[in-house]
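Everything below concerns the one structure shown next.
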Amino acid sequence: MGDRMVFREHLFRSAAVICGLLTLAIFCFLCVLGLPLLQDGHLLSLLSSPWAPARGLYGIFPMLLASILLALLSLALGFPVSLGCSLLITALAPRRLRMLLIGMIRLMAGIPTVVYSFAALFLLVPLMRTLIGRGSGLSLLTAAPVLALLIVPTMVIFFVAGFEKVNRAHLLALDALGGSRVQKIIHILLPGARPALINGTLLGFGRAMGDTMVSLMLAGNSTAVPSSLADSARTLPAHIALVMASDFDSMEFTSIFACGLLLYLVTGLLMLLMRLPGRSPDNES
Amino acid sequence: MTGQRKITEITVTWFCWLSGLLLLAALVILVGYLIRRGGPVLGLSLLFGDTPPLDALLLRKHVFDGLYPALAGTLLLIIGAMVLAIPLGIASGIYMAEYAGGRTKAVFSLLFDILAGIPSIVVGLAGLSITIFLHRIFGERIMPCLLISCLALAYLVLPYLIRTTQVALESIDPVVRRTAPALGASRLQNIGRVLLPHSLPAIIGGIILATGRCAEDTAVIMLTGAVASAGIPRSLLDQYEALPFYIYYISAQYTSPDELATGFGAALLLLLLCSALLVLALVLQRRLTIFLLYR
Amino acid sequence: MAPAVKIRVCDLNFHYRNRQVLHDVNLTIPSGSITAITGPSGSGKSTLLLALNRLWEEIDGCRVRGRVEIELDGRLQEIHSPALPARYVRRKVGLVFQQPNPLPMSIFRNIAFPLQLAGVRDRKLLAQQVETALRKVRLWQELHNRLEDDGRSLSGGQQQRLCIARALVLQPEVLLLDEPTSSLDPETGQAIEELLLNLKNEMTLIVVSHYQDQVQRIADLRFTVREGRFTRLPAGRPRSRTGPAL
Amino acid sequence: MAPAVKIRVCDLNFHYRNRQVLHDVNLTIPSGSITAITGPSGSGKSTLLLALNRLWEEIDGCRVRGRVEIELDGRLQEIHSPALPARYVRRKVGLVFQQPNPLPMSIFRNIAFPLQLAGVRDRKLLAQQVETALRKVRLWQELHNRLEDDGRSLSGGQQQRLCIARALVLQPEVLLLDEPTSSLDPETGQAIEELLLNLKNEMTLIVVSHYQDQVQRIADLRFTVREGRFTRLPAGRPRSRTGPAL
Amino acid sequence: QAADDLAPFTGLKGSLRIAGGTAHIPVMKEAARRIMSFNPDIRISIAGGGSGLGIRQAGEGLIDIGNAGRRPTDTEIAKYNLKLFQWAIDGVGVIVHPDNPVRTLTSAQLQGIFAGRISNWKEVGGVDREIDIYTRDESSGTRKVFWKKALARGTISDRANVVVSNGAMKTTVAGDPFGIGYISIGYMDATVAPVSLDGVAPDLANVRNGSYRVARGLYSLTRGEPAGLARAFVDFLFSPTGQQIVQDKGLIPVR
């Protein structure tokens, strides 16, 4: 029995190790396949030159910039809404409405990106064209709200789970001291659910950074460096999807592995940065 | 009550209600639009084309103009991916919450966050390249197929499962956590009989999230085996059709308004499928909780 | 002069889902008194306290029928009337739970917290109030150099006193205490008893207690519950620091 | 014949992070006795109990130095020795917490749980053991038709008795009780006292209590703690249902 | 007639994998449908992915038949030993929003617009509003042909919006009163307006008689000489029934 138990505990560790190794495996894989480009000393030009394969320039800086801008913008839109909605679900809404909202959120988590983007193509794009007053209506500003809509369910589910784990006795204590619902939110729920808030936001950000379809269909995909949020721009995942179909042995194709690598590194770096100010979100109790 | 605090109260309350309303409005607009465009085509013929439904269900005849193969493909995809991902994800989550500590935990934590940040298209790219690689080594039998897609999707949703499990376990009240050991439970028993059942709702929430992600992802399956027409897959090594890919394909390649309408019909169908899975998960959660805690 | 009525409960009924826990409770409690409630475990003592400051509203599946009137700010008011915010009632009618429930924050903030909730900002005032409250429950000596520790790292008895201090800091008009001395050693228990007697001048107290001798010592009024029905018992011989009972 | 030694504690020191809570504790407790531990709140009583069944290992940042030997299955064993699984120690040395902690499951399963942990499957046997345990703590009457309710929906006192029943069902050799009667009414408390006296024949009991009279009534041995240092007091006049104290 | 064309499939078994250019899919699907109805033992799977992917996957042997909307490069042909089959011709036409009064452009104007030199509709006789340019991604066969034959290998502005497919092009231009783009003639419908190039309207008749020059062949390709099922499938495409399907789907048959 003892052996079996030790065995099972090893199982847990192995599972984690496998998952961790998979992450590293992707990294190595991207490195190996992107190697030709890196070897040719294109690395720097990757970040400085424009994208013009016909002239042998494979720069992806505009895409990198657009990716980060878009992800941040959609997080800026999505985070407050997620927070508000999850608080509504846990603390403010009556029971019935709460169930309804949770159902709604969970349903939204399963709506394909394609559907969002497709509907937005007919509904949001003309609207944005009129609002912006120039250009096609395909822009970062158009993609951001749709992307926000996409990441909100993920975040809300995480946030709500976090809030619900907050000790009931603490909530009751605050009630007994004459606190209002809003005070309950500010003083008990938010601090109590901090790890869940951080984790949910990180996941949401990752999702926004990595989404292909929304930016592919709504952001316009022009390869120029966006000079404003109302400009058409191309994100890295969309770029990968667009270049994907070119010749296998071409430099273009190799460069998308460099894109993948860059995406990977940028997310990794951001995760590291988020850990710097405080301690790791996991060490919080 | 001071004025400033009153303002805070009102702002926070309004803010929360507005967010909820905003989401609700977005969903209603979206679903309403889908129904307006796709509702009329919804029906048996959307599913089975002109093949008799019974023959199609019993796999006696191919379905050509219907979404039945895509529906079946999506379901198989979800089941396959979840069967692979759930054990691995939950086990890793348990390891993170209950066993890992200090440096190890920090490293794994970072890795999983990065894992969550890997774009699906990169996962698809990796899946495709690895398949090509394997194909060169092992020859004809390895092709982009259902199995590869399931593997890639499972990989994609792992972080959701890991994180929900971990967060759920970590936020259990220390008193509850300490009770079973005091009664002579081993660590494993404590996890299996108290901690996990206790966090079941949260974990199911994660599973629902992951399922939704499997059901909707297009970028991965596009590169690893989903095709425009294949019929019902007979084995894991077959190619398959899938609803999200179909929607993408139609939106990209429709030639007539009728075809576009089937695209909207497919979107509605996918929505229905997701709702059905959701209800199933909730029923399962209730049953499971009762079974684990009250029997 | 007959003492003013502070609390009047008429035909109070209480249900948890479909189990009735309180049956037609009628009580009248005079101002500035200590009322003791005794009765077997599970008979509904804690439940009555929940009904007196509307805290039951926060628990799923409870229902209340009947009137509860409490004199707040000089007027006898029906506490469940929609015009009265629950928050106001709960600040005026403090409650110390049977099981100590310090909040997950520092000891200092635990006590300063209700004041902060009510809008007090001034750090100096807070610090002073915290010290006063801690001294009242005899915790100052033990804890004054651990004020930044987490409230939950205290021993059971320390936690309970912390919670009493937290309720006192708001200076409520009525204070409900659910077995306040159950996890205290006799000396500290004694000190708390003294405290309660002292407080009688400032507020009306209702104490749930199992200690017959304690009840005998401090209560002006005694009720006993059995399966949700209240009976008044003859009072003990209450002591009073300021003189004989009113 | 001198009574066999059941528990021997030598030079036990206990730290929470860098605060020392127990200082050089030395105790010897004979088999089949009731030992009472009294002392002011926060002095380290609960902490001692945690050290006696290795439960401290589940709490972050604790350190223990010293020897704790308990006679288990007929042999005096150092409980912290790596060869002994903590699980085994905890089954043999039961602990009832100061604050009742029913698990979030049905009343029935709460009590059957330790048995299930130990591998008992037989439903009939479980049902029978649960009934016996509930009868012992006088809960059967009140609860036998609510067995499927959540354990957390009970009143404070009911919860405490539930937890005692849960500890009894494993038939431990040593039972540690942290203020077992603190939230009980005198009658039920009395019943628990009787129960403890009865249990003396089957196991060794250590009871933390603030009730001096209770301690006087039941304890064979008395210790008092002050800031982590234990002193032995002269025993009271323990009663025993089966005859005079050994 | 149809039965004759399907006869070679009698007794054949197994599965056939097809992938690549998306313009081919409607024809492929219909052909597969006929064949599988005729002989249920045959399974044919059809995927998109783009011309480049079709060429590569066929070359790697991941699929049996690859589709491409352009001729593979000579290196590709040599490297993979590809066999080409051109079974249809497709034209690529310029489109604008139906409300746009501009219905005809010269080659020079078109090149100016796509290079970004002409940036306002009023310069070519339209309203006073900036031109929104839509183009396809670099690996698109449609783009290659358009770039080569309509733009004379001129530059395409990096401010141009890039859309991923014919359908997406149609949807966006149909929604943008100031947009201009190009799609495969087979995809044109009433939601967009075709623009004549140097006075020649982009329609099937003009492509067929050679007066509209922006056209391309649709290819299927195999690694080495096709055999068995793949052979039968390719032959079927060239049979009268196959060519009829091509015509039904809005493309121009080669026979």
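All chains are identified by letter, namely A, B, C, D and E, in their written order; residue positions are counted from 1 within each chain.
Everything below uses one rule, namely that a residue touches a chain if its C-beta (ideal position, glycine included) is under 8 Å from a C-beta of that chain, and two chains touch if they have at least 3 such contacts.
Keep in mind that this is a model prediction, so the values were computed, not measured.
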Chains touching both chain A and chain E: B
Between the pairs A-C and A-B, the one where more C-beta pairs touch: A-B
Where chain C and chain D are represented by their mean Cα positions, the distance between them in whole Å: 30
Centroid distance [mean C-alpha coordinates] between chain B and chain A, Å: 16
CA centroid of chain C to CA centroid of chain E, Å: 81
Set of chain C residues in contact with two or more other chains: 99
Multi-partner residues of chain E (at least 2 other chains): 49, 164, 168, 171
Touching two or more other chains - residue numbers and ranges from chain B: 186, 251
Parts of chain B lying in touch with chain A, wherever the complex brings them together: 8-9, 12-13, 15-20, 22-24, 26-27, 29-30, 33-34, 87-89, 91-92, 94-96, 98-100, 105-123, 125-126, 129-130, 155, 158-160, 162-164, 166-168, 170-173, 186-188, 201-202, 205-206, 208-209, 211-213, 215-219, 223, 243-244, 247-248, 251, 263, 267, 270-271, 274-275, 277-278
Chain C to chain D touching residues, read off their complex: 16, 38-43, 46, 98-100, 142, 153-158, 160-161, 178-179, 182-189, 210-212
Chain E-facing residues of chain A, complex: 50-53, 121-122, 125-126, 129, 134-138, 216-217, 220-224, 232, 234, 241-249, 252
Partner chain C, residues of chain A touching it in the complex: 95, 167, 169-180, 183, 187-188, 191-192
For the chain B and chain D complex, residues of the former touching the latter: 174-186, 189, 193-194, 197-198, 293-295
